[in-house]
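Same chain, two partners: subunit A is paired with subunit B first, then with subunit C.
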Partner chain A sequence: MRGDRAIYGIFIIGIVITTILIFYPAYHAVELSFQSRKSLISAPEWVGFANYRLVLQMPEFWEALVRGLIFSSFSIVLQIALGLSLAILLDRKLPGIALVRGLSVLPYLLPTVVVVLTFRWMLDGSTGIFSHLAQAFGYSHIAWADDPTSAMITVVVISVWVWTPFVTLACLAGLQSIPEELYEAARIDGAGAWNRFLHVTLPQLRPVLLVVLLLRTIWMFNKFDIIWLMTRGGPQHATEHLPVLAYRLAFELYDVGKGAAVSTISFLILSGFIVVYFRFFPLDQKE
Partner chain B sequence: MVNHYLVKTLYWILIGVMVIYSVFPIYWMIVSGLRDPNVIYNTVSIMPGPWSLKSYETLLDLTDFSSWFKNSMIVALGTVAITITLSTLIAYSVTRLQFRGKMVVVGTMLYAYMFPPLLLAIPLASIFVKVGIYDTLLSLIISHTTISLPLGVWLLWGFFKQMPQDVEEAAMVDGCSRLGAFIRVVLPLTLPGIVTVAIFTFLLSWTDYIFGFVMISNDANKTLPVGLETMVGLYELRWGELMAGSTLIALPLFIMFSFLSRYFIRGLAAGSVKG
Partner chain C sequence: MNNKSKFQVIGLKDSGVTRRNTLKGAGAFAGSMALGLAAPAVHAQTKVVRFLNGEPSADSVRALRVAAAQYEKITGVQVRIDSVPGGATFQKLQASIQAGQPYDIGTLSFVGDALLLAEEKKIVPLNDLIKKYDWGPRILFPMGGNNYWYPYDYNFCWINYRKDIYGKKGLKAPTNWAGYLQNLSAVTGTGEGQLKSGVVHPLGSDDATNYSAFGYLWANDVRIFDDKWNVVIDAPDMAPLVIEYLDFMADLVKFMPPSPRQSSWANLVGDFQGDIVSHTPGTGRLVDQMNLSMPAKAANVSSFLYPSKSGKKFAVNHGYDGWVVLNTPMAQEAIKFLTWFSDEHFINFLHSSPIHYQPTRLDIYKDPRWLAHPSLETFAEILEMQKQVLSDPNIIIRSIDTEGPEPDVRAGKLFRSFALPEMVQDRLFNGKSSAEALKTAADKIRKVIA
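Entry: the complex of A and B
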């Protein structure tokens, strides 16, 4: 057909640019993980699998992996539970509900830096509003981010606050596409509210929930900035997960090869998860 | 009937709790930036005031906030321009071409969009050092494009796929070239999709901390999130100024959202957002 040559040209240009922009850096990341170099400008030396061997022998690596799993699983489960509840709450046709929906999205728009600074100010040990509130309830001093356990709880709670709206909106879109007749039929069959939720809402929302679970898992597992800005991985490494470890190795301990090895391993773990996930929950062909 | 009112009241109480939960930190950020810095540490009141613009004045006088704002704007708009152009062309050509392995191209786009940003940031920094554009705004535009381009192609691919080919073929029968049909017929129909991609690319670039943090060290080239974060160390945690700066970063996003929330929610529902 006329003009098809132009379209092939555009396609090839697009693929070349994408390859340069995305796949070359990804290839280079793997390449770096097989090299030993002290900084980004020093000459590389090929060391084979030495970085991987050394990284896998580091106790810090395994501790960071476990911490990352704790951080991501708690924040994902809470985001989905809260997001689904809020979506059900907001799935009404009432005056003013559009405004309420809009307000509930706002946390998601904020840059992570802004979120973290605001929470650090609210949780400030002596002058923050939450510390004042805690004092009013009789607690003298709360170590929000100074104690290993409460630091982890704090980063989980903040990430739930920021990213729940994503789940809410996705579920809300899913809820609105469930035909009303299904609920009617269930009601006629005598199903109560709980049974309607269990046997109509949940099965109908299944595709949405599966996509949300997949995307949230990928992003929470990789999440770097919220933890880095809130705690720098501390106190005493209590919140140091794989991305923070990779950053510290590459840019603070000047071991780019090991940092790249940690990133690559963490990407492989995630890819493994995705493969297993699709084995259990294959996406519909039409989607 | 009493029962009915009880349920209704309970419902609105729950909605109220949800709104307070979602909005309070944002409210507190705005209020703290506008409060007189002399009393910010001893005023415990939830109510705003005493009002003062002192924190904003100090922020703009003592820091490079305005040049950070300009840098962020240049990077965000640059990324949006490149992403829209490339993702429209790639997505269109993928949907209109018939060849084997087409789904592989689309699939790898989705896969690329799952790369951890830090996994891309380390090699990109190394490449930029080699090419000599490390620590420039251009390096940030390219970095942000690596994330936004797969996202844009993925979203627009869905758009072009749904669009019937008859429309453009009719235009071509009427004497348009393929390119003419694309510009005159296809592009206007795809505008909502392009706006959605533009919004998310802007959001992604404007809020990015990771790439700015890894790529930029010169104070003159900092973007807003990176610049604001460096203030924490410099001014011994003066929360009034930090909250004023936070408000100024969030404001453009809130304004954009209030005008374009329709496109925003469409994109979110399509599961197309990074974050």
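Entry: the complex of A and C
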């Protein structure tokens, strides 16, 4: 009984801390979306749903939404495809594999700001090593992040480079928990490598992949730092997705209310996605 | 089971986590929270002035800290210096105000931010302190008849160039666009006395572009707003001047390194120091940095003003930084410190980056203490140019964020909307004619400030 109370006490403290650190700021952000104010220190004016109406009428909002979907879709698909492939490669019992596994996690351990600034430096049109390599191979100049299409490709590539190890780690853990007997049975039944992957590996990894897909979707849709540090949403808004638009409205264009409205809509879109996702892919579903 | 605590049952060591201890801990936590909330501001009791510095270079921070230590010795008032990059000060100030622990002195690099703080009565006027001195042009930005900030430097942006390369080619600093393009043509290439590119200009949607790419536009005497905040950049008398500028930029981009939309502040310095370009826009910061790390090369740097097409007018892009005093219980102490500092230590602070921190106070230019810095003799040419900017009516001091009849958040919105950089991008990279690019920009500006 005593122990129960202690556990409940710790649980309540956890809830209080979560409320202070997560729910209150979230509530405050939603509250801001119903106000008109130039900055966080300006006197607020209650405007109801006006910010939402105005934001939904902005072509910039819909363009940013589409860009966010493009950025997150390509990033997630590539991260999962590459991450799963790497996990399968790293699941071999080869000499030195532990070292290779350790090294493969490195991109995930580096701070994003270090990664992005290093990429910026490597892709610099004047001094970047990739620019020099391109010239060595006879290309006069490659516009890495200098035109709208290549800028989007660049931020997708960087996000894949940073986050693929997370997928690899999760899938590797999943692969190592698959009983060897299943593969043996499949071999006895005459299944080749492709069929073993399709009918043993993938179904067994399904719960891991579903969680990875969910987490990656939430994180990539909200991903701010890579794009902000690499392109600041440019060139000419080509990589400006909803988080960047929200930041620009709130902190650069003196419209905190509209910025908060964009954030709240973004939150609602993600919440809707999560509900639909769990409806179609319940995590407790057994094969 | 009954003899075991629940912790042992679930496999944890019974390390003294009991209900009594938990309650004690929670009580202590709640008590300390309540005391903390009820306590008056600490700095009101101990006379601490909190100073948010926006100049994080080691020498500048050291100059402020030395002053603070001396002030504490004399008065007993502690001045605590926190340093962040200049671009982060306004957000940090807002956060401190929201958290109920505002700084007492803050640094701002944009007059629109000072206006916002003044409108909300978050900063106090510094009229008596400002009245003590004579000031250079276009720097005080009074608001409602009050002076809310102490501008400590001009950060004018001009064109730095390699005078050793000019010497080899027998060139002189250009006075108009045609001459500038001719010079660039002569010094760009792979031959003797040439560098790979001519001039680096960031042309993305960012502050570096806003700051460094429009000096030529100002030199052509283009205004964006009239005295009533009407957008006039596409008016019949302005449009031809803007179109000339855009056509000139289309010529200029041929002398730039690849990927100008990706160029940043770092390229302005790095490409020049790395012998990639012979010209770069910038302030005296470049010279100060080079003088510290590569003095021989720094001695080959000189500067000229942004020329106009006709050569009759010149321009610098306006830049400035200033200190504000926040409306806190320590505001009077903060003003006392600033008053003492501006007489006793201000020149030491300016000397921490002597060419970059161009004085805003006219008395400084005659002060032997300031003139004693060796850099001011080494770069006497640049110093003369700096002084000329303050007095010559043919030199225009203008910038996007100071456009308009008075300080106003509309100029700030224009700055952050990047409408002008996008106008240049439309002309240079998106296949629009200069007239089309101008029309798009003017429409956007009207929308942004509406």
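Following the convention adopted for this analysis, the second predicted complex is superposed on the first by the 271 of 287 C-alpha atoms of A that agree within 3 Å, B and C clash if a C-alpha of one lies under 4 Å from a C-alpha of the other, contacts with A are read in each partner's own complex, and residues count from 1 in each chain.
Here is the rule we go by: contacts are C-beta pairs under 8 Å (C-beta built on N, C-alpha and C of every residue); 3 or more make two chains touch, one makes a residue touch a chain.
Keep in mind it's a predicted model, so treat the numbers as computed, not measured.
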So, A:Glu181: does it touch subunit B (first), subunit C (second), both, or neither?
neither
Once the shared chain is lined up, is A:Trp144 touching subunit B (first), subunit C (second), both, or neither of them?
second
Tell me the contact category for A:Gln236 with respect to subunit B and subunit C: first, second, both or neither.
second
Just subunit B (first), just subunit C (second), both, or neither: which does A:Ile218 touch?
first
Partner chain in contact with A:Thr112 - subunit B first, subunit C second, else both or neither
first
More residues of subunit A in touch with subunit C or with subunit B?
B
Which holds for A:Gly125: it touches subunit B only (first), subunit C only (second), both, or neither?
second
Dual-contact residues of subunit A, meaning touching subunit B and subunit C, are 2-4, 6-7, 10, 13, 40-41, 124, 127, 251
Interfacial residue positions of subunit A with respect to subunit B in the complex:
1-4, 6-8, 10-11, 13-15, 17-18, 21-29, 31-32, 40-41, 86, 89, 92, 100, 102-115, 117-119, 121-122, 124, 127, 129, 132, 161, 163, 165-166, 169-170, 172-173, 211-212, 215, 218-219, 221-222, 224-225, 229, 243, 246-247, 250-251, 256, 259-260, 263-264, 266-267, 270, 274
Could you please specify the touching residues of subunit B with respect to subunit A in the complex?
11, 14-15, 18-19, 21-23, 25-26, 28-29, 32, 40-42, 44, 46, 86, 89-90, 92-94, 96-97, 105, 109, 112, 114-120, 122-127, 129, 134, 142, 145-146, 149-150, 153, 172, 177-179, 181, 203, 206-210, 213-214, 224-226, 228-229, 232, 237, 239, 242-243, 246, 249-250, 253-254, 257-258, 261, 264-265, 268-269, 271, 273-275
Which of the residues in subunit A come into contact with subunit C in the complex?
2-7, 9-10, 13, 38-43, 120, 123-127, 131, 141, 143-147, 232-237, 248, 251-254
Tell me, which parts of subunit C touch subunit A in their complex?
5-7, 9-10, 17-19, 22-23, 26, 91, 94-95, 97-98, 116-117, 119-120, 122, 196-197, 200, 204-206, 257-264, 267, 270-271, 274, 276, 409, 412-413, 416-417, 422, 425, 429-430, 448
